[in-house]
Amino acid sequence: MSGEQLTVRGLRVTFDGFTAVDGVDLDIHPGDLRFLIGPNGAGKTTLVDAVTGLVKATGSVRFGDQDLLGRPVHKIARMGIGRTFQTATVFDRLTVLQNLDIAAGAGRGPWTMLRPRKNIPEPVAKALETTGLTHLRDRLAGTLAHGQKQWLEIGMLLVQDVRLLLLDEPVAGMSHDEREATGTLLQHISADRTVVVIEHDMDFMRSYARSVSVLHAGKVLSEGTVAEVQADTRVQEVYLGRTTQPDPAPATAVAVAEEA
Amino acid sequence: MTVVLNQSLTGISIGAVLLLIALGLTLTFGQMGVINMAHGEFIMAGAYTTYVLQKSISSAGLSLLAALPIAFLAAGAMGALLEWLLIRRLYTRPLDTLLVTWGVSLMLQQLARDIFGAPNVQTTAPDLLTGNIALGGGITFANNRLFILGLALLSVLALTLVLKLTPLGRRIRAVVQNRDLAEVSGIATGQVDRITFFIGSGLAGIAGVALTLVGPIGPTTGTNYIVDAFLVVVVGGIGQLKGSVITAFALGILQSVLEYSTTLSVAKVIVLVAIVAFLQWRPQGLYTLRTRSLA
Amino acid sequence: MSGFSISRRGLLAGISAVGTSAALGACGAKTGDTTSTGSGAKADTSGDTVKVGLLNSLSGTMAISEVTVHNALLLAVKEINASGGVLGKKLEPVSQDGASDWPTFAEKAETLIKDDKVVATFGCWTSASRKAVKPVFERYKSLLFYPVQYEGLEQSPYIFYTGATTNQQIVPALDYLKKRGLTKLYLVGSDYVFPRTANKIIKAYAKANGMHVVGEDYAPLGSTEFGTIVNKVKDAGADAVFNTLNGDSNVAFFKEYKSAGLTAKSLPVLSVSIAEEEVKSIGTQYLDGQLTAWNYYETTPGAANTKFVAAYQAAYGKGKPTSDPMEAAYISLYLWKAMVEKAGSFDVTKVKAASDGIELDAPEGKVTVDGATQHVYKTARIGKVGSDGLITEVWNSGKPVKPDPYLKGYSWASQLS
Amino acid sequence: MTTTTTPAPAAVTPPPPSLPKRLRAPAALALGAVLLLGLAPAVLSDFRLNLLAKYLCYAIVAVGVSLAWGRGGLMVLGQGVFFGLGGYAMAMHLKLTDAAATGETLPDFMQLYGTGETLPWWWKPFADPAFALAMTVLLPMTLAALLGFFVFRRRVKGAYFAILSQALAAALSIWLIGQQATTGGTNGLTDIHGFFGYSLDDPVNQRMVYLIIATVLLLLMTGARRLFTSRYGELLVAVRDSEERVRFLGYDPANVKLVAYVLAAGTAGLAGALFVPAVGIISPALIGIVPSIGFVIGAAVGGRASLVGAVLGAIAVAWTQSTLSDAFPAAWTYLQGLLFVVAVGFLPGGLASLGAVLRRRRTATATTAPTTGERP
């Protein structure tokens, strides 16, 4: 399939002397469904933050033939890069439909903006269907169940028509059935878009990942298919070797930084 | 040359007053992020404390010294009470806190009017503080200003020591930097908030004592200073004591230099506009704590 | 949906149409017209009592000063009622709070005239509040008695000015300074109308009388930072300071003044806004020996004043000082009473016509109403603050000075207005 | 940190089932029109009507506050500045025409307090009615656009923005006071007799002014209502609740906020301009920090996010102040303080949300109410 490739070279992010991302190189091909894994504090979320313009970084990040570093967040978003957050961030006091409509509208002119919505735009209707939220479209987003909020967020990325989706722990806190549904959804989406997922859930990763990058202490430790990564002894040492569950140990200031 | 030196000294004394009234805010606004508009009324409470003490203790010097700790406790208690009654319910809504505490400030002003009467009152300064020190060459520094300068610097020193060296200070800083983490580490964050507020408001009380040496005491004594005080903290950088110290003196000197070359009104307008412009350029203030949550 | 928006547009158009046509249909007099303008408000004089309006700031920053005036007005009302009222009718005082806010003053003036139907209104302190209510009294052809010394340059047909105009306070004060040989003046004032206008007059006077203004500074109202001004005063080589600071700022100014080592001996300050009440709140230690210019002091001799001071202190507490604006307010009711009785009517036009030549043996001495200007002949008095906090007279103009709000009788003032 | 269950300002109030949702707004508007344009002039005395005109001016400011603060979450604590600019623009024109009517070239106060020679250059264009009218709105909007452009772009936090606005309000009022010769100083511009050729001393014309103000208010409310329900209105709420999220959707929230801020400024300017013929004065006392805070209290009490709530709140607060402050000046100050504390602290949706809150309380006993936690 065609599309832009995400190319990261020598990416480095520091906070007051602490280096969260320390020289990461990453190539994500169009149509990939890439999982980023690693223990807490490995720099996964910070990496996504840097790519989407939320934090300052050095090195280079290219999407297709365009440089991303130094651009403001909303410009990067308009280039077709969208993301979700660890805690689902939807507009609680707007309806599902309004949420999706806003996500669809970044390119609208002032005249359209100043008028009420007359009917449901085509992409919004499609996204409602894809995420299975059609029957909930007039509900306030704040009253949705946790899983539904996550889907709404993904739906917002779909109507936003992004080429690259960066999802931060999309199945955290979901039931088994919801995970299955989400996984299927991601596979469906990645048919014509590139998807990057940060995840702690190893079972989920094994079921759906096409490729995996393991981050540790701000660096890429290993990269490849699920089988290749699982076979890597270094990965077993720092991460998989100890447990197949997310590392529950609360870490120091680094964990704090992850919260944002 | 004499003019420049004299104006610099005037600027330093304006700065000392600014610093003293802003010091409490570096805690409650700077550290805790609470916009407490009733802070001015804690200053007023400190000033009235001095007035009441002077009526019962006839010696001006003694009553002034006694007023310092008592005003600290009185204003601090008011602050802690306000925190407990209202502010702790509003930590997630800083802007609403502004309006709520403005309401409190209106009520406290009226209360002062009902207790002490609408007319301003004044205290007698001890003789020691009414003269001036001649530095030679026509340069003088008023004793009351010297006292305020000393008081301001002492307060800064004390506050720094408390924050840096005591267990209480460590707890305050821990709560400021990461409330959740502090909580799971076993710090009673609610209690720390109240103590922080107590100290911040108490410092306003001390500022109130100092203001009795400068001007009249009235129900609106505090309000007149409140915006200036917030500006000092904002320009200095939220949560940065050294920023506030530098800003207070810088603004004082800027004000006094402009006053000399223009008029008081124009100087005030220029200073305010300069602050607005400065914050466009550096919205985070002079000094800043860089954390990811602020990005 | 489209039908809905059409209906809304229709509704909107309807509102605009109704609003506009109603507005246009309601159009009344054009600005040039004189026929239908004004609607003389009908004061209610039908009952056994008549209402008089008292319009003072009972709250806000000006309450400090205006409450004392309000007290003096109430005292006069009480006394007049005790002696049988006016034209056989008892006075019923209606107090409205101007709240130290000028638009509120205008609103309250209208309330007094239209709602309470008062026969006359007494009050206002600041020039700003007077300017705000002036059009209201003119529109409804109702009377205001204004009791505070002010900057002159005004003569509303519906206002009686019972305080001093500039030629009864500022000009005599300058005469006094000139006589003492204090010819180099530094002008310090609050940043509002009275000080700025007063200083304009002072500069014109100085130019014509061989005096020099060596500096001029204004502090924002409520300012407490006087370090710079005092530094400037010290460096300017002045003989005297002419002080038009508003009450509160005086505390900070005089504290700074004393801290800088300046005294009444080395560099006297002549103040025109410091009365007995202010002396008390500034502190006599800071004011000892400084000069003031007024038309009345608590110590002014005479039986009328002894009676006034005793009555005031009996009503409001021992040791409460009386001051010039309070006295001017107190006599304003008596002057109005005399005018009404001379006219034999509460009617505004008749009262105005009867005003010329009304005399009163006031606490400040003899005062006479000048019908042409609606001001009052007053004796100018320069006083000195004593260590007991009282002000004693050191000089007076000898006889009541004819009010001259536009300073027409002074050739040096010809450029002023 | 404990989660507060304080009700959040309701952005979307569910309609009562009796009246179809789409007919509610026009019905309310029609009712408002009948009350303000029909009933009030018929039953109120000239004096009361004039007072109402003044309250309606505050209500016009509240329309903008409801947009910027209620919907956009922008704490607009500098509305006094924009109100003042609009008021001064209008008053300058009226003073000039008043002067011209009596054959003078200078307004009365300039002859008294100024150098008395020539009109300052920046007064001259205000002699033109079209220019002056345009300036009543454009001046505040331009200033707001300039300030907002920098402030929102630099992502200045809400607290900063509030304090900056206050500093600006203080600066403008001090400046106006200091320039007595050209601005009238503390007195402000007063003693205004004419209004575009009509004498304000004539009560009939005062009624005309009232009708204009009422019409402007109704039109603005309609416009604001339309804006609230537009896509922009939804986006504004989204920016208020999660600015960062909106940014990741490809919008620049700075622009979204700027529009609301500038519109609110223009509204306040218009209110100031209408205040002048209604009350006959504009002065620095209406511009400083205290009145600027006063402008938001009405909206806070009535319900900042509800347009009708904010407007009614502004009128009610002004009316209460007028009536209560005479009889009990002290009581009014306490009440005013209490209003801030209760309305903002415990009922952030204002009185408009009282019904919803009570309903929620009642149902909360039976089922667990959904907690809508406030965004930190």
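So that you can tell them apart, the chains are marked A, B, C and D in the order they are listed, and the count of residues begins at 1 in each.
Basically, a residue touches a chain if its C-beta (ideal position, glycine included) is under 8 Å from a C-beta of that chain, and two chains touch if they have at least 3 such contacts.
As the structure is a prediction and not an experimental result, all values here were calculated from the model.
Common neighbours of chain A and chain B (chains touching each): D.
Chain centres were defined as the mean of their Cα atoms; on that basis the chain farthest from chain C turns out to be A. C-beta contact counts were set side by side for C-D and B-C; C-D has more. Averaging C-alpha coordinates per chain places the centre of chain B 32 Å away from that of chain D.
In this assembly, the C-alpha centroid of chain B lies 37 Å from the C-alpha centroid of chain C.
Averaged Cα coordinates give chain A a centre that lies 42 Å from the centre of chain D. Multi-chain contact residues of chain C (touching two or more other chains) are listed as 1, 59, 191, 218, 220.
Among all residues of chain D, those that touch two or more other chains are 174, 177-178, 330, 333.
Within chain B, contacts with two or more other chains are made by residues 113, 180, 263, 265, 268.
Looking at the complex, you find that chain A touches chain D at residues 52, 54, 72-74, 77-78, 82-83, 85, 89-95, 98-99, 101-103, 105-108, 112-117, 140, 142-143, 156, 160. Of all residues in chain C, only 1, 4, 7-8, 11-12, 14-16, 18-20, 22-24, 26-33, 36-39, 58-59, 95-97, 99, 101-103, 106-108, 110-111, 114-115, 126-128, 131-132, 134-136, 138-139, 153, 191-193, 196-197, 200, 218, 220-221, 417 touch chain D in the complex they form. Of all the residues in chain D, the ones that touch chain B in their complex are 1, 4, 6, 75, 77, 147, 150-151, 154-160, 162-164, 166-168, 170-171, 174-175, 177-178, 289, 293, 296-297, 300, 330, 333-334, 336-341, 344-345, 348, 373-376.
Across the complex, chain C meets chain B through its residues 59, 61, 63-64, 67, 191, 217-220, 222-225, 227-229, 231-232, 235, 248, 251-252, 255-256, 258-261, 277, 281-283, 285. Residue ranges of chain B in contact with chain C, taken from their complex: 2-3, 6-7, 10, 13-14, 17, 113, 118-122, 124-125, 130-132, 140, 142-145, 211, 213-216, 218, 220, 224, 255-256, 259-260, 263-265, 268.
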